[in-house]
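Dropping the structure in here first, questions after.
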Amino acid sequence: MSDQRIPVAVLGATGNVGQRFVQLLEDHPWFRVAELVASERSAGKTYREATDWRLGARMPESVAGLKVLDYHAELHSPVVFSGLPGEVAGEIEQRLAREGHAVLSNTSTHRMEPDVPLLIPEVNPGHVAAIEAQKANRGWKGYIATNPNCSTIHLVLALKPLQDAFGIEGVLVSTLQAVSGAGYPGVPSLDMIDNVVPYIGGEEEKMQSESQKLLGGYTAVGGFAPASFVLSAHCNRVPVRDGHTECVSIRLGGAPSPDDVIAAFEAFRGRPQELGLPSAPPQPVIVRREPNRPQPSFDRDDAKGMASIVGRVRECPLLGTKFVVLGHNTIRGAAGASILNAELFKVEDLLP
Amino acid sequence: MSDQRIPVAVLGATGNVGQRFVQLLEDHPWFRVAELVASERSAGKTYREATDWRLGARMPESVAGLKVLDYHAELHSPVVFSGLPGEVAGEIEQRLAREGHAVLSNTSTHRMEPDVPLLIPEVNPGHVAAIEAQKANRGWKGYIATNPNCSTIHLVLALKPLQDAFGIEGVLVSTLQAVSGAGYPGVPSLDMIDNVVPYIGGEEEKMQSESQKLLGGYTAVGGFAPASFVLSAHCNRVPVRDGHTECVSIRLGGAPSPDDVIAAFEAFRGRPQELGLPSAPPQPVIVRREPNRPQPSFDRDDAKGMASIVGRVRECPLLGTKFVVLGHNTIRGAAGASILNAELFKVEDLLP
Amino acid sequence: MSDQRIPVAVLGATGNVGQRFVQLLEDHPWFRVAELVASERSAGKTYREATDWRLGARMPESVAGLKVLDYHAELHSPVVFSGLPGEVAGEIEQRLAREGHAVLSNTSTHRMEPDVPLLIPEVNPGHVAAIEAQKANRGWKGYIATNPNCSTIHLVLALKPLQDAFGIEGVLVSTLQAVSGAGYPGVPSLDMIDNVVPYIGGEEEKMQSESQKLLGGYTAVGGFAPASFVLSAHCNRVPVRDGHTECVSIRLGGAPSPDDVIAAFEAFRGRPQELGLPSAPPQPVIVRREPNRPQPSFDRDDAKGMASIVGRVRECPLLGTKFVVLGHNTIRGAAGASILNAELFKVEDLLP
Amino acid sequence: MSDQRIPVAVLGATGNVGQRFVQLLEDHPWFRVAELVASERSAGKTYREATDWRLGARMPESVAGLKVLDYHAELHSPVVFSGLPGEVAGEIEQRLAREGHAVLSNTSTHRMEPDVPLLIPEVNPGHVAAIEAQKANRGWKGYIATNPNCSTIHLVLALKPLQDAFGIEGVLVSTLQAVSGAGYPGVPSLDMIDNVVPYIGGEEEKMQSESQKLLGGYTAVGGFAPASFVLSAHCNRVPVRDGHTECVSIRLGGAPSPDDVIAAFEAFRGRPQELGLPSAPPQPVIVRREPNRPQPSFDRDDAKGMASIVGRVRECPLLGTKFVVLGHNTIRGAAGASILNAELFKVEDLLP
């Protein structure tokens, strides 16, 4: 019996995020990896030959024999997942969208454009409406939709229930980010043995602007209206493989107690949970009550890496409420986010 | 020619902080280690036999042959440095102070008591006046003086010039703390390989209360009057041997620019610099201008571990100003702080 | 429908190895965890309350509510898995064996006794015959059977096919061992950040004596006859959570080429593979051909942690052949080894 | 008064080894850094601008303002220290030697050439005689002299006293090597967090061939005659910043006891010690008697990083003797080795 699943392409397939796409799409009920795209260096080789597989002992057999295509190849898959490096993403993603593909991108290039949705299905599913405007504006047959930066997404998943329940007035976040967020080879080991680096280029700015777009509104007439709260970020790199930990202090409306805040986290469900999307975590935000959790080594894989794990909810003497949020940065923080977007698009009948 | 230096005792001499005392006091111009005190397990052995020396390849020869005394031993040194564990410190330190010793303690036990000075010579040298009150209140011949927690001291060294120049309204700090702060064996390696722990018991409370005492006033009549700003801390343990990194957002009076803030840091000098104390760093606060500094592996030993290193001074969209401060947690954060206190006491003629 | 699986007890259930037993036995087709035993400190609490679960985000629900029993409790499970600390194991395991339980122990205490089998089902399944002798000698209703040290077992799994194919004359092994082998809290982080420790107490001796017993013979009359080759080990602790890496140089009979050696590894199958035991890896020894594999982070979970992964098979100018072997130290190196033994015993009708 | 010290140039001055040269040469009694050479990218900038200084908080002030020269610059210093990357070293070093400079190189390029000395002053000072032959053969005014690979040098410093006292028949060594040996950026952190890599390209071959050249003879007529013992190496990369740890098993002549071996290590002195060269360690080989030493974090800086630290000397059941040797890989293992060579050349009147 033939495979009825929708064929998808993965751009940047040999890289860190590309490998995660391939891993997460193995045995996906709706999609199958049909095309793998990478740079000249890899093109023409089989995926097995081209790839230094770094997610466990071995790559899925089903893709190992696929020939890797180059950036200029004509693609036949209606859905294209992109884990391209920022330097090359712009043009390639645009060409594919113009030609009629649904391009679901991890790259920051297009995230803040005024007709490109930056999407977390639990948070702002209504922003998919921007796709129509984008196609019209640009005269494209397909479109680009993006998911947020790996540190933004877990913060915003935790902020959304608080915004809904109390309103957000200001946020201060300090991150302890894993090295896989910088790709491979990425961060040198001489920077990460007995050390932390209190700086990640561009990251603090992204957390600010992306959070406001995600938690803001969208109307066909007015376009995106960023949320009005102020957010300030300190971003740090720490010697952890996977899993970003974020310390959040927040000023909420109505001075809720920690118990109120916990209740809001635990009650939170979004469209993916309503629709029962295959990659949706049962609860988008999981609350830990131990004094010393969440921790990346133990909690990043909870809910298959698709949830945000909150802990240490308590009073902040300065801003009212503080807590820690942790999430897997290459699953829900990257490839898994794009896949969940694609699942939403399928149900909403937005795929080509 | 006989050694004219003041004999000192080190309590808890075999532990992490005790070893640091021994190391820093080698070749000290004013003090010499004459007595070493540790628990039953070590007492009676030579220091070499009793100690698993962990600061480089070998301990100073000058102390290796000293016999370790037990907690009940009568001490002959007028100055006693204490790196005792909190559980046992209280009683022993009190007994020694009662008997006439100047006890300079790293332990948290007595820090917040209403007649015990919690001292950073650059920050609140006037608090030494509490010693008189303490002796009078308690009928002691000697006294206890304390230095702050290892994460508090570097924060407060950075806050002091800002308090003086602008006034402080509120502070939010997230720490990335080294494991040596927890002693040895301390933090298990299974908690620190590919992991961070977003919790250190009691640390957040200490940072809050100690900062307010340090930056507050003292009068003979009214005692200590804590500073009125609000401080909120998130404390994290990270896989770093030495050097606490702290991300600070702060609301200052008069909305100073980052350049104003940098100027205040760089202009700052305190009593130890005026007096030319032997362990005083030339500048208490050193400012780095690179985008990605300070970092513990590179900067913790600057100014022999006695300064606080500030970097990334920039605007905070929420609180006005943000920066990073880093400092060595067992030098200026522990043993070096007590020694600098003792140097101040000597010049101020407060030693027995 | 009632659960027909054999009830088992886990001794030392709250520790590192105990948790691994509980994890691996969840959904086991033949065994179900019925009794959990730990020290006084935990006894009387539920397993959830007593345990700082350290294998992922949460413990299996099926055991969380079980009451933890103390060391003196009467057990009702015919099969008892022991992950007890060496200090207490001896007496408790003996009592339970005397009373009629099959005690499958990870502890080193009884491994080298002349009537206790030290067993790897792929290597020396015939040694189960010692059980009869043991019961007779000791007048016990039950018995003790042991599995090897976590570094020994992966070495011996790799040696067995070489012994069979070529004969072994001498072995030199240097290990790079993970910290989970020392339990929790185990190795202090101050020993493992920017450091290695070239010493593990007793480990080198165990590798030597256990390997010779495992690869030696057993007869009802003569008992155990250790293999005659000489083995020398250098044991090192490195900053890795799980997965022991071992560099092996070996003198084999008949001067086989690396290709001959690889062929022997790949052809190797043992009793568990013949019998299709539920925890048996399809291949006990997996060969990697990349120049830089196996590596613990990527390969330790291959074959669910139950295989030994070999790589870099090449000529040794001194001893003839060299290679690297890696394996998971708390799965095949501890709990998984005991479970595979129990599976063999069930099929061989040796369970009470 | 003018600086009478010999001006020296450093090639590859901005790299890891180049920085170490600059650091070690600050305040050197005989040499002063006069010229700094690096690639196009750095040339024309000051050393401060061109260099991401990674050895502590800040570079020596004395060199910070020097203009960095490019690879083609004419140099005026008679002595040239080279820390060039292998790809570019060959041609540049040859040109400078031809022009009359004494080129002391860390690079592997010329090490094994039949008229280039590979030198450890304690081990084979007589090999300097090859310099005459080299100049004659090649018609050069200057010459190239090399120092060994960072893992070879510490092994050979430990082997030399054993060769002299007992004779060496065979050596098996497994290394645990620090990441600084691979330069910066070098080893990616994703390879070194919770991981080890049992492979370093070309390293095992270098240890074999270099050891034999170093411990072999040289005669004007016959050239180099490699030592005849067999050496086999397993090379591993581990998450350590500095300091290579090596586990050695060795077959010696006459079956010496561990005490005999220790006595040979401790009695060992070489030409640098006789001559009192400024960078010479008082003892080339230091023996530790604790069961768990040496360890990189504690022992690499002993004797200012210029000695090899031996420990765990004991019987090897297979080869007779085993021990651990540790040394600093960028001090005695690289820049410090070249500088000691230059000091020997000065005393031997071999500098231009």
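Note that the chains are named A, B, C and D in the order they appear, and that numbering of residues resets to 1 at the start of each chain.
Assume a residue touches a chain if its C-beta (ideal position, glycine included) is under 8 Å from a C-beta of that chain, and two chains touch if they have at least 3 such contacts.
From a predicted model like this one, the values you see are computed outputs, not experimental measurements.
**Q** Where the centre means the average of the CA atoms, what chain is farthest from chain C?
**A** B
**Q** Using the touch rule from the top, work out which pair, A-B or B-D, shares more C-beta pairs.
**A** A-B
**Q** So what's the Cα centroid distance for chain A and chain B, whole Å?
**A** Chain A and chain B have C-alpha centres separated by 42 Å.
**Q** So the centre of each chain is just the mean of its C-alpha atoms; given that, what is the distance between chain B and chain D in Å?
**A** 40
**Q** Can you list the residues of chain B that touch 2 or more other chains?
**A** 54, 191, 193-194, 239-241, 297-298, in rising order.
**Q** Under the definition above, what is the set of chain C residues touching chain D in their complex?
**A** 170-172, 174, 176, 191, 193-199, 201, 208, 230-232, 234, 236, 238-241, 245, 247, 249, 291-298, 311-312, 316-319, 322, 324, 326
**Q** Okay, in this complex, where on chain B does chain D touch?
**A** Within the complex, chain B contacts chain D at residues 54, 56-58, 193-194, 241, 297-299, 301-302, 309.
**Q** Which of the residues in chain A end up touching chain D in this complex?
**A** 54, 179-180, 184-194, 239-241
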